[in-house]
Structure formats: C-alpha cells, structure tokens
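Here it is: the structure, laid out below.
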Amino acid sequence: MRRRLALTATVAATCLLATACGGITNTGDTATGPAGSVTTDGCTDPAAATKPITGAVKIGWTVPLSGPFQGVWTLINDGFGARMKAFNAAGGANGVTADFFTTDSKLDPEVSKAMGNEMVQKDGADIISTTGTAQVATMIDDAAAACVPFLAATSSSPIYHDTTKYPWATLYLPQTDLETKAVVKAIERQFPNGATVAVGKSPSETGSIYTDAFKKSAQGTNVKVVAEASVADPNAAATTLKASGADVLFGATSAQECLALTTAIGRVGWKPTIYYDTTCADTKLYAPAGAAADNAQVFKYEVLPALPQFAGTPAVKDYLAAAKTSGLKDPMSNWSVTGWSIGEVYADVLTRAAKSPEGLTRLSIMKAAQDQDFHPSTFISGIDYHAATGGVTGMQPFRWDAAAQQFALAGDPVIIN
Amino acid sequence: MTTTAPAPAVEPATLPRGRRRLLVVAGSPRHTVLITASWLVVALLVVLATGLADYQLGRVTNAVIIATAIVGLNVVTGYTGLLSVGHSALLGVGAYTTGVLVVKLNLQPMITIPVAVVAGVLVGAFVGLPTIRIRGLYLAMVTLALAVAFPEILQAATGLTGGAAGLVVSVRYLFPPEWTGLTRAQRPIWMFLLSLTALAVCMLIVWWMQRSRLGRDMRAVRDHEAAAESFGVNVARTKVVAFALSGGITALAGSMLAMYVGALSPAGSFTILKAIELLSGLILGGVATQLGPLVGAAVVVYLPVLLAGVVNGQGAGVLFGLLLIVIVFVMPEGIVGRLNAGWRARVEFVPRGHPYAPTPRRERA
Amino acid sequence: MDVLLERLIAGTTDGAIYALIALSLVVVFRGTGTINFAQGEIALFTTFVAWSVVTRGMPIWVALLVATLCGFVIGVVVERVCVRPVAKRSDMAVLIVLLGLFTAFNSLDGLIWGGDTKVLPSLLPNGPDDYLAAGSARIYGDTAAVWIGTGVVLLLMIILFRFTRTGLHMRAVANNSEAAALAGVRVGRVLSFSWGLAGAIGSAAGVLITPLAPAQLSLLTMLTIFISACAAALLGGLDSLVGAVVAGLAIGLMEAFIIGYVPGLGDHLSETAVLTIIVIVLLVRPTGLFGTKKLERV
C-alpha cells in the first residue's frame, strides 16, 4: 500500500514538474551570433563590457599551484608574470598597465568555477583564464555571461575553438588535429610507400583526444593505425604494441607517461620510429630513457633557448635579456618559455585593443583577441599565432639526440594554416 | 503513563550532581519557542544567503550540494556502518544522467532529476547486493572497485558521455524556469534555492528514516550484525535498501552538481578523491548525526579557501592535512557529534510524562 | 610464445610491486585492524629522502637503508602520536587521521622536492643492456630487484611471525589484544613495532619499485600503485602475508593478460575488468583468498 502511494506520488511529482517547467524538452534559444562577432547581448552587465579600462587591466589566472602539477604550472605562471612585468616596464597599453594575479585551481572543476567567479566579481578581473579541459568547461560560460574575455586558455579539446558557440574565448594550445596532421605528414615524408602505426594511448583526456585526432588525420593516407594500447600499464602496452610489428609508434601520452613508454619499448627490444605529442616536449622526459629515446620525434612551436639554432637569434637574445630584467627564475626551461609566450599573446591583444577606436574595454579586448594574427617573439620563425584558425599555425619537428642529451631540429616546420 | 518510565535506572547519566541544566519538556511552551527560534534562524540564514554576491552564493551552493551528497553517504556509512569509498561514482551517476539527458535528448534539466534519482537508487542497490556476503573492510573493496571503474566506464562510453573530454551542459539550458519569476541573471539564486530544496528534502527523508523501523534495523546492523540477525532483522534487505536510498540521495546531489557546474568530466569531480572528500566531510561533521553532513560539507568546501588566504601552494595541502588530524583529535566524534554532547550536558530534553517533567512550576526560568 | 613470456614477465613485475606495498598493509592490519591509507604516501616521502641521499653522492643501497630506517621511525611516530590517541575512541577517526596524513605527506613532498619528475637509480643495474634474456623476453635489474625484494620480505615476515618471540606477541595482539595484555604482552610496544615494521617495508618497497613506476619519482608515483596494492591486500585476505603476494601477482598478471589478449576490455576497461573479477572472488570467499574467517558470537 505504502509502496503504491510512493509510486503515485513520484509520478504525480514528475507530471507536476513537467507542466511547471512548460514542457519536457528544451526550447533553448540560441543566443549566439555569426562567427567571429562579439557582442554584449546576453551579458549580465553590458555596461561593464564597454566601460573604458583606466589605470590597470586586471588579469586573473587560476592554475594548479598545489598538487602534483604544481611544478610545471609554477614555471609557466612565472613566465607569464615576467612577460607582464616587461609589458608594464615598456609602458603598458597606452599607459594602462597589466595587473596580473594568480589563484590556485587545484585542477578541480568546482574550485576553478568558484575561483573564476570570484576573480570576476570580487577582484574585478577584466580578463580571466585557466588550464585543463574540465576547468575550461566550467568557467567558459560564466566568463561569457559576465562578458569577461577568457583568453588563451589551455585545453586540447576541439570543442572550444568554435567562435560561434564561444565568442568570448580564445585558446592557446593548437587544435590537436593540426598537430596530428603534421605528424602524419612527417610520417609520409619518412615512409613514402606508406607506414603502419601503433598508438600508445594515455588513459587521460589527452590520450583519447590525440588518438582520435590522429586516426582522423591518417584517414585517406598511406598511414594506417594497426594497434592501440593504454599506457596505464606501460610494460603491457609495449608488449602489445610491439606484437603489431608497426613501423611507427605514436605516443598519445602526457608528461611522465612518455618517459615510461619510451623505457618500456626499449626494454622489450622494439625500435620503431617514435613520435610523441607536444605535451612530451620536455628534455626531462627523454634524458632518463637513454638510448631508447634516441631519435624520438616531437613537435613544438615555441623556441628552445638552449638549442644552438635558437640561442643566437635576436628574438631569443631579447627574450633572455627581458626575462633577466623581469627577474624570471629559470628562463631556459621550456615551461618558462610557454608562460612567456602566453604573455606575448596577452601583450599583443592589450596593445591592439588600446589602439582601437573604442579604446581599451573588455569588448575591445575580446574583439582584438578574435582578430589576433601575429608572430610571438618566442615562437619558432615561420609559425604564428592566429586566433581564428585555432591558435598556433604550424609545428616544428624535433628529434631527441640521446648522445647530446638535447633536441635537434628535424627538418622544416610543417605549416598547416 | 509515568509507571512505565524507569528513568533513573536507564539513564543514570541524566542525573548530574551539582550541575544546573535546562529542562525542556516536549510540547511545552519552552519547547515550542526553542523550535520556532531555530527555524527562524534557519530562515534568516537562507534570506541572508540570497543577498550574497553571486560568487559567494556559488560557493554556498557548492557546499549545499556536497552536503546533500554527504547526507546520502551518511545513510550507508553513518547509520548502517558500511564504509563506502565509492560515493564519487553515485554522485557521478546522478550528474551524468542529468547531463546526458539534457545534452543528448534535449530534456529540461528539472525533468531529469527524478530519472537521476532512480538511476542512483538502481546503481546503489546493485552495489549494495554484494554486501549481503561481503562485510567490514572487504566491503570497502566493492566500493573501491566502483570508484575506480566509474571514470573508466565514462571514458569507454565516449558516444554517450563525451569520453575523456567530458560533457558540456550549455548555460542556456540552465536558466531559471519562467514560473519562478527569476531573471536569467538570477541563475545563482535559482541554483541555490533548488539545491537547498533538494538538501532539505533529503534531510527530511533521512530524519524520517532514522526514526522508522528501517532506521532501527540499520543501527542494529551497524552495532552488531549477528545480533541483529538473531533478533529477526533482515540484514541483507536492510543493507541493500540502505545502499539504494543512499544512492538515490547522492545521485540527486550529482544532478544538482551537473546543473551548478554545467560541465562534467571523468577526471573532474568523480574520482576516488571526491569519495574521500565526502567521507572526510561526513566524519569531520559527525557520523550518524542529522546536521553533521552540513557542517562537514562547510569544512571541506571552505577550509581550503580559508587556508589559501594563509598560505598558498603545497603548504596549503600540508596545513589542510594537519588540520584534519587536529579536528579529529579535538573532536573524535565529529564536530556535530561533539556539539551534541556539549548541548546535552546543558539542556535536558524529556518527553511529556517523564519523571522529571511533572514539576515544571518549580523550575528556574 | 615469446609474447606470452613477455606478458608473464610484465605481469609478475607489476604484481610484485603491488605485493610489496600490500605486505606492509597486511602487517599494519594484523596489529591494528585498519588499512593504513597513508602507507603509499609515507613510502613516497621516504623514497624522496632516498633520492636526496643519492644526489649527495651516496650509493643507492645506502639510500635504501636510510629510507627503510626513516620509514620505521615514521611508522612508529604515526602510530604513537597520531593513531593511538584516537584509535580507542573511533575507527572513523583513525580513517580521517590517515587521510589527513595522506594529503599532508604528498603536499610536503611537493613543498620540499618540487613537482618535477625525478629519476631514482635502481638497486641492480637497469641500463638498456643490463638484462637477462629469457627467449626474446628480457629481465632487467630493477625487475629482478623487485622480485627478489618481494621474496625476501615475505620470507623475513614469515620467519618473524612464526619463529620469534616478537612475532608471537604480534600474533597474540592480532588475535585478541586484551587477552594478550592480560598474558603480559606489552600491547602498545607491539603496535608501535608493527607500524614501524610496515613503514620500513613500505619504504624499502618504494625505493625498489620507483625505477619501474610509470610516473617515476613524482607526486603521482604512488596513487595508482597504492589502489592496486589495497586491492591486492583485500583480495589476499587482509591478515595473510602469502595472500598479499599471491593476490598482488594475480592482479598484475590479470592486468597484463587483459590488456594483451582481450582487445575490447583491454583498451578501455582493464581496471574495471580486474576489479570486477576481484569482487566476484570476494563474493565466493568473503574474507579473501587466504584470510582467516572470524567467528562471531552474539
């Protein structure tokens, strides 16, 4: 009896909800304009978006400052901060300086969301950003609702490159398929008669995004994916991948996993041509693997200040000098260069927004960010940052030289966009 | 009435010598005043909360949702004594049910709530089934399996769940419904009130449950399983029902979380670390107490925020860990457990007709 | 055939890693009846200590000794200062203390040693050419070190529990601590020793397994390993040393074979598959493969 009552109550409540909500499905209006147009329609406070920014433009960043990824992000954060210091020392944007501050996202979506809103509402941030797909996902709509530009966020997910859906955001990392296309092209270059590829896949988001993009890029080419294995267990993966007898190993892996995979395939005595995705472009991930990592290839777009090919260039000399005056602790680290390059993107946006007819406002910043097409000084020459086509325009192949314990250039940059 | 109450014999501790205590008799005017006053305080807090800035209200909403999840965990771990490190998955079941239905079937978020609860009940019951045979710490293995398997299953079912990249519930689906009369900009208030309602409903259900026969059976199972069985408690059914109820409540919290956060990913809020956070909240707040989940949720949501003001970076983690230990040292029975004990030492609450009750006139005001 | 052999070796290597940590969990469980959730992070802390010792130019076996000693001291201190005061009052409180230590130790590692990946040398040589060939399969020095380590620890523990006075006392406390106390066993000391011993085993294990860990020496090294080790301890039966080793190896082999031979599951759901098998085994044997069944009186 009581059970039937409960059931009736549930059904009744559901019906009530359905009628109260005016139907079961969403009518969901599409509050987005044509591609590339930013407006203040739908902002909670349109006036704030068009109000001229005077004194200082507040840039709020929320990245992991604690937990396992703190090390990398502290370096990137330092690089970004140093570039903003240099920007201010050079007079800022028409006298408006950058007030850059960072909060700890703990790489947790709920914390990041709270931080994003706090930075906008409490600290009055004019621009915010974060890292990691889950964090970007939770913050991007809030930023758009407040009409606060969400600039150069780092996520490898292709979803957020869509400017019709996300007119208030730009991303820093290149679209993954751009990189996988470059990898496929490089493989074709090396194996003109076609090649078989085994994919070692990270169990994380990076792994599936890169694997899917690689398969798509390989479609219709002579490059065939013949095996796939999760590197959660690198030794088991190495055995399985080796058994496929593929010519090439593509590591859709991130950070430490690259090192583990290289070591594991070295140990099962397999010597394929190795390609890694760009999250593995760090000397610390190759040196410990010894000879097994020799000739492993990876694509990058930022300069490596330590390489002789770059060390002498005016751009790198300028970078090192400016980094020194800004007090950057470890300018030779790849991660510092990444942070500095993100700072380059911000500095360019602010400078151009300040020159626009409206002057420096949140709206003009977002417009400038959408039109952004320039060469960051810490990018490899020939590669630009072009927001409309998804950020970075090309990729430079590098190979690991195990004897020299350093990367070396491996051919010309592959320009896609 | 009074003949059946051998009070001093049963509760010798209620006869403190030389300590002045406030005597409250159920149904007396003093009792009514106290109850009304506490409800007024609650109402005042809610009204005050709606006046907060949006970002602060967002945090409160987050804490309310975590509190709801902990209320669910309390049913299994608190009242029934079955340790669970798998509630992150039950939270995820609710969140993904809402997320998938809104994104794939274009349903109204509100409609998905009952579906999420049903999904939680089913998964909860399924997880509860092995408890019939597996006991104690070994049961933690079952819930551990759930916690570890859930993110992996999400990633495997890419077509449905968006895989590792996750699922985005666009904010345009999440505005307050028209009948509420709230504007779009008032979404934070709507989300707060909605999740608060969910919390209140769950707390009411648990309050009712722990006074019912089911609640008694649960406590019997917790205190001594074999003894409970010998007294005719259906241990197996009690455990499964506890898990089902717990799953439903936690899934409701998940559904709220999906609406509040607007984006779901396997690596985000549904790993074993979340389960540990819920468990920490429950134990810090007070196991098997009504208000423990609220206090515990406040601690796990706000303590890191407060610590960030003191020390940033890895130091905050060290401090957080040490503070957990300190809190447990000071209050091993949890914050609410401790407060309850302190409160009982000062206020005596007796039913009408209790031997202490017949002398209200001589009480000191 | 060769592939099978390679998978066998990969599986037993991972299995031995889980087994080593699981052994330390079993030693604590025998004393206190709890799972030490901070065990993995304590081991990681002492492994970082070992790394510091190595970077100061000391050989790795000195680092192993230092880490093991550190682990023993930390184990004793944790039991005496953090666990014992709350253990009498509530099991749940012990759990929170251990989870607090878990967070604190991991953050402390980050605070002291930073977040970047470090490489710890292996006890036996593990260079690209330092292997024994078994057909096409290769056994490297670090793999051998983990196998030997697991065997040695298991043997020492069996000797300790079966043939020494201390071991007898530990068994007495595990069985019924009140009765043991009445019989003159100094229960407090035995508990401290159990935790210290577990800390030492975990720390030695940390040094042995880190060269093989997917994350090398970083803040993430122990997280996944510890979960599998817990599963191993539970599958083996929480109070069984042999069970921990058998279950650890079984889990390692299951992982390797599922990833290798079951394409659909191995790609995406290898952990799920392994854990489901463990739950099914527990349904048949509710106290694990080798765990003792406790009789209950009403």
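Per-chain numbering from 1; labels A, B and C assigned in written order.
Just so it is clear, a contact is a pair of C-beta atoms (placed from the backbone, for glycine too) under 8 Å apart; a residue touches a chain by one contact, two chains touch by 3 or more.
Since the structure is predicted, the reported quantities are computational estimates derived from the model, not experimental observations.
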>> Which label fits the chain touch graph of this model best, line, ring, star, complete or other?
In response: complete
> Farthest chain from chain B, comparing Cα centres?
Replying inline: A
>> Taking the mean of the CA coordinates per chain, how far is chain A from chain B in Å?
In response: 37
> When the centre of a chain is set as the mean of its C-alpha atoms, what distance in Å lies between chain B and chain C?
Replying inline: 33
> Mind pulling the chain A residues that touch 2 or more other chains?
Replying inline: 66-67, 70, 74
> When you check chain C against every other chain, which residues touch at least two of them?
Replying inline: 106-107, 110, 268, 270-271
> Could you say which residues in chain B touch two or more other chains, in rising order?
Replying inline: 152, 155, 313-314, 316-317
> Which part of chain A faces chain B closely enough to touch in the complex?
Replying inline: 10, 13-14, 17-18, 20-26, 28-31, 44, 65-67, 70, 74, 103-104, 106, 108-111, 113-114, 117-118, 120-122, 133-134, 137-138, 141-142, 144-145, 157, 159, 203-209
> What does chain B use to touch chain C in their complex?
Replying inline: 83, 130, 133-135, 137-138, 140-142, 144-145, 148-149, 152-153, 155-156, 224-227, 230, 272, 276, 279-280, 283-284, 287, 313-318, 320-325, 327-329, 332-333
> Which of the residues in chain A come into contact with chain C in the complex?
Replying inline: 66-72, 74, 201, 228-240, 242-243, 255-257, 259-260, 266-269, 284-285, 288, 290-292
> For the complex, which residues does chain C have touching chain B?
Replying inline: 35, 82, 85-86, 89-90, 92-93, 95-97, 99-108, 110-111, 227, 230-231, 234-235, 238, 268-272, 275-276, 278-279, 282-283, 286-288, 291, 296-298
>> For the complex, give me every residue of chain C touching chain A.
In response: 3, 6-7, 10-11, 13-14, 106-107, 110, 114-117, 119, 127-128, 131, 136-138, 140, 213-216, 218-220, 224, 255-256, 259-260, 266-268, 270-271
